[in-house]
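When the chains are written out, they are named A, B, C and D in that same order, and each has its own residue count from 1.
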Amino acid sequence: MQILAEAEDLPKTANIKTQLISLWTAPVFGVVLLIAFLAFPGFFPPMSPEMTAEQVAKFYSDHTAMIRFSMVTFNLCGIMLLPIFMVIVVQMKRMATQSHVFAYCYLTAAVTGATLFALADIFYLVAAFRPARNPELIELLNDMGWMIFIAPVGAAVAMNLLLGLAIYFDDGPNPVFQRWVGHYAIGTALAMAPAVGAAVFTTGPVAWNGVISFWLRNGAFTLFVIVMFFVLRNVLHRQAIDEGVAR
Amino acid sequence: MANTGQTAAESGPATVSSVNSAEGQRRVHLPGDVHMWVMVLGDLIIFGAYFIIFMVFRAMKPQEFLASEQHLNINIGVLNTLVLLASSWFIARSVQATRAGDQAQALRLTYGGGLCGVAFIAIKAYEWSTKIAQGYTISSNDFFMFYYMLTGVHLFHVSLGLLILGITVRELRNPRRRRPFMIEAGATYWHMVDLLWIVIFALLYVMR
Amino acid sequence: MTTTVARTTTYAWMVLSAITIVSWWLAPSHTRGAVAVASVPITVAVVLLGFIKGRLIIQYFMEVRTAPRWLKLFTDAWLTTLWVGVLAIYLY
Amino acid sequence: MSSTVSTDSSPTAGTVDRARVPRAGKRDVWLVFWIVPAFYTAFGVIFFALARVMPPPRPDVTVDQMVHFFHAHALTIKIGFGVLVLIVGGAGISNGIVVYHMKRMTVGSVMAYIYLGSMSVGALPGCLLVAFSFLTAVYRPGRDPQILAMLYDLGLLSYVGSLGCFSTAYFAFAVAILYDKNKIFPKWLAYVNIWQIVTEILTVAIFVSKAGPFAWNGANSFWLGTAIFGVWLVCVIVFLKKANERQPADEPPLD
């Protein structure tokens, strides 16, 4: 993006620049989080909910260092994904043919989702802090970690439905997002929704280690962030041109 | 075209001032801006506290600390220090080139400094990975806890420094910008990273 | 482009690098196999060299040499407090 | 249809409205501002004097000692965290006024939203989880000691060790200040936020270390971090006050 000379110090340019910074935190910290994800010894394959308390306790005492590394990284860098969702909020607020109600709902839903995400890693870390604890309690902490990590998809579902709706309602001559982004957001919401079963089932595809709950949910979310990075990059570019900030 | 003209016009007075540099030296000038100095001096105080805390814990178990210190690779430590010193030299010269109006040279020197910074991170990563492979992890003992935390926080400063150097590069490349105080502020930060490493090197690698 | 200022910077860098290489001889990790023993003279030397290096960086790279007085005082105070503190704790 | 309405109402109608509606002055901002030091004072009293979370009790103690900790401080934990649960909204207010001034900057809204979002995230792991862990622990004193020990770890690790949410907030605050042309906050306050991120990074060691300078009650992880947080908080409060004072009384309300 080529910022125009005369626009360099204007507030509307700073608005674009701060959004670009927020956007670029996603790939940078996305890579960091991917490393943390790959480093967690209990993701390949995901730990079964049917493990006995002794097996869970043994898992934590065998792999303490890597669990700590992975979850500390999630703790420190996980919320650095929030900025890209806030760029989506700012863009939703640019939609001309609607009130900003969807944008504010999206913002609050994002905060709820991020809060739960920030909570999960603490349970894993407490379990790994003293692996010699009573195995029943290690299992309890492990269950809490997994359930809070996988099951509460409600916020993400609501966010994506809101984004989809906002895009459908944005039917003026100059829409912010292209229409397929709306379909894609709804599709992501549908793909993530069944993972709620992780709160109930201990076996099968919607248990927390199941294909749907673990791989489909996390895959859909990751892909959504990647796709939205490119979508938002284009949207920001267009905004910059429309507002006379860039060429 | 317009660029070269501007450079020539600007380098005129600059060379004059550097000829009678004895006088130029005595002129009082705060490099960068006061905001960056608040950052740097505050950071120095914070790191100073870390260093003093390190010494207090070292004094409690001098034998354990010295024995662990022996497991660090002094060659890598010296190499990293030299790399960082070289980067500081590049950046210091880049500031002087900026003042002399030679943007192209300043840009080249900044790239040199940045490359040294990247090399520092690469060498540090190699050092960490060999230490971990040898079984010296963060939970081995107090010395290695300090080793990983101090070098880790310093590494964060190096990365931040590289980001700041990136901003410096953008500033230098943009003919309408090139504000000397921005270049100086970035350099001040980078030299602080160097300064902190000098202390870390002395405390972790060399002292007995 | 080799002005006086440039030359001074280069000299400062050379001295800094030379001190670093000297530090290589002082480090305890050479005595492989043998256990290193604490040594007050070496530590005092390290502290002195660290002080000198720090001051060179502050004066010549950070250009505090030509900076306002308060900055000179502050950086010198920091350097002195740090290294005197380190040495005092070590000797205590 | 709706698009014409929105373009119609933007420039002219807005100014007419602004001229007609009487300003509230800055009374509302001042009211909110004074809640910030009041809340943090109460916060400090609760965490230091009542709940005994600051300075944190030691991590390297036996289960019996942890049980003893809960028994010895049951009453003050109940009073302190009971009050905290009531006044925790003050944290929302303290973040809200910062968001308000960030929205007055010339940098768009995104950094204000990031600050809003990540600080709101921080309320649960960084403040409330310890309250409920400890309240649950003292609720039934006869519980299995192992469970009490788990609540002890959970409370303190989450309180001292919720790092990312605050780092993100500090990052957004710093970027916003650096880009702001209205000079709502001084530029060096951005760098103070960077120190805060540094202390958060240094605190990661509490998940590994059970004693010494990097444990959750250690000199590096806790004391230095708290000291720098104190500096940050004082700076933010002082400059919030300055920002209030400098704000023109006739400044139009935010969008």
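In this text, a residue touches a chain if its C-beta (ideal position, glycine included) is under 8 Å from a C-beta of that chain, and two chains touch if they have at least 3 such contacts.
As the structure is a prediction and not an experimental result, all values here were calculated from the model.
**Student:** For the chain pairs B-C and B-D, which is connected through the larger number of C-beta pairs in contact?
**Tutor:** Answer by contact count: B-C.
**Student:** Taking the mean of the CA coordinates per chain, how far is subunit B from subunit D in Å?
**Tutor:** 32
**Student:** Averaged over CA atoms, how far is the centre of subunit A from the centre of subunit C? Could you give it in whole Å?
**Tutor:** 47
**Student:** Please tell me the distance, in whole Å, between the geometric centres of subunit B and subunit C computed from their C-alpha atoms.
**Tutor:** So the centroids are 14 Å from each other.
**Student:** Calculate how many whole Å lie between the centre of subunit A and the centre of subunit B, each centre taken as the average of the chain's C-alpha atoms.
**Tutor:** 35
**Student:** Give me the residues of subunit C that touch two or more other chains.
**Tutor:** There are none in subunit C.
**Student:** Indicate the residues of subunit B shared as contacts by at least two other chains.
**Tutor:** In subunit B, 56, 139 touch at least two other chains.
**Student:** Residues of subunit A that contact two or more other chains, please.
**Tutor:** none
**Student:** If each chain is a dot and touching chains are joined, what shape do you get: line, ring, star, complete or other?
**Tutor:** Shape of the chain contacts: other, as it matches none of the listed patterns.
**Student:** Return all touching chain pairs.
**Tutor:** By the stated definition, chains touch in these pairs: A-B, A-D, B-C, B-D.
**Student:** Please give the residue numbers of subunit D that touch subunit A in the complex, ascending.
**Tutor:** 2-3, 6-7, 106-111, 113-114, 116-118, 120-125, 129, 146-147, 149-150, 153-154, 157-158, 161-165, 167-168, 171-172, 175-176, 179-181, 200-201, 204, 207-208
**Student:** Give the list of subunit A residues in touch with subunit B in this complex.
**Tutor:** Residue list for subunit A touching subunit B: 5, 8, 65.
**Student:** Can you name the residues of subunit C that touch subunit B in the complex?
**Tutor:** 1, 3-6, 9-10, 13, 16-17, 20-21, 23-24, 26-32, 35-39, 42-43, 46-47, 49-50, 53-54, 57-58, 60-63, 65-69, 71, 74-75, 78, 81-82, 85-86, 89-90, 92
**Student:** Across the complex, what residues on subunit B touch subunit C?
**Tutor:** It comes out as residues 15, 18-19, 21-22, 24-31, 37, 41, 44-45, 48, 51-52, 55-56, 58-59, 62-63, 66-67, 69-75, 77-78, 81-82, 85-86, 88-89, 91-93, 95-97, 100, 102, 105, 184, 187-188, 191-192, 194-195, 198-199, 201-203, 205-208.
**Student:** Going by the contact rule at the top, pick out the subunit B residues touching subunit D in the complex.
**Tutor:** Touching subunit D: residues 33-36, 38-39, 42-43, 46, 49-50, 53-54, 56-57, 138-139, 142, 145-146, 149, 152-153, 156-157, 160 of subunit B.
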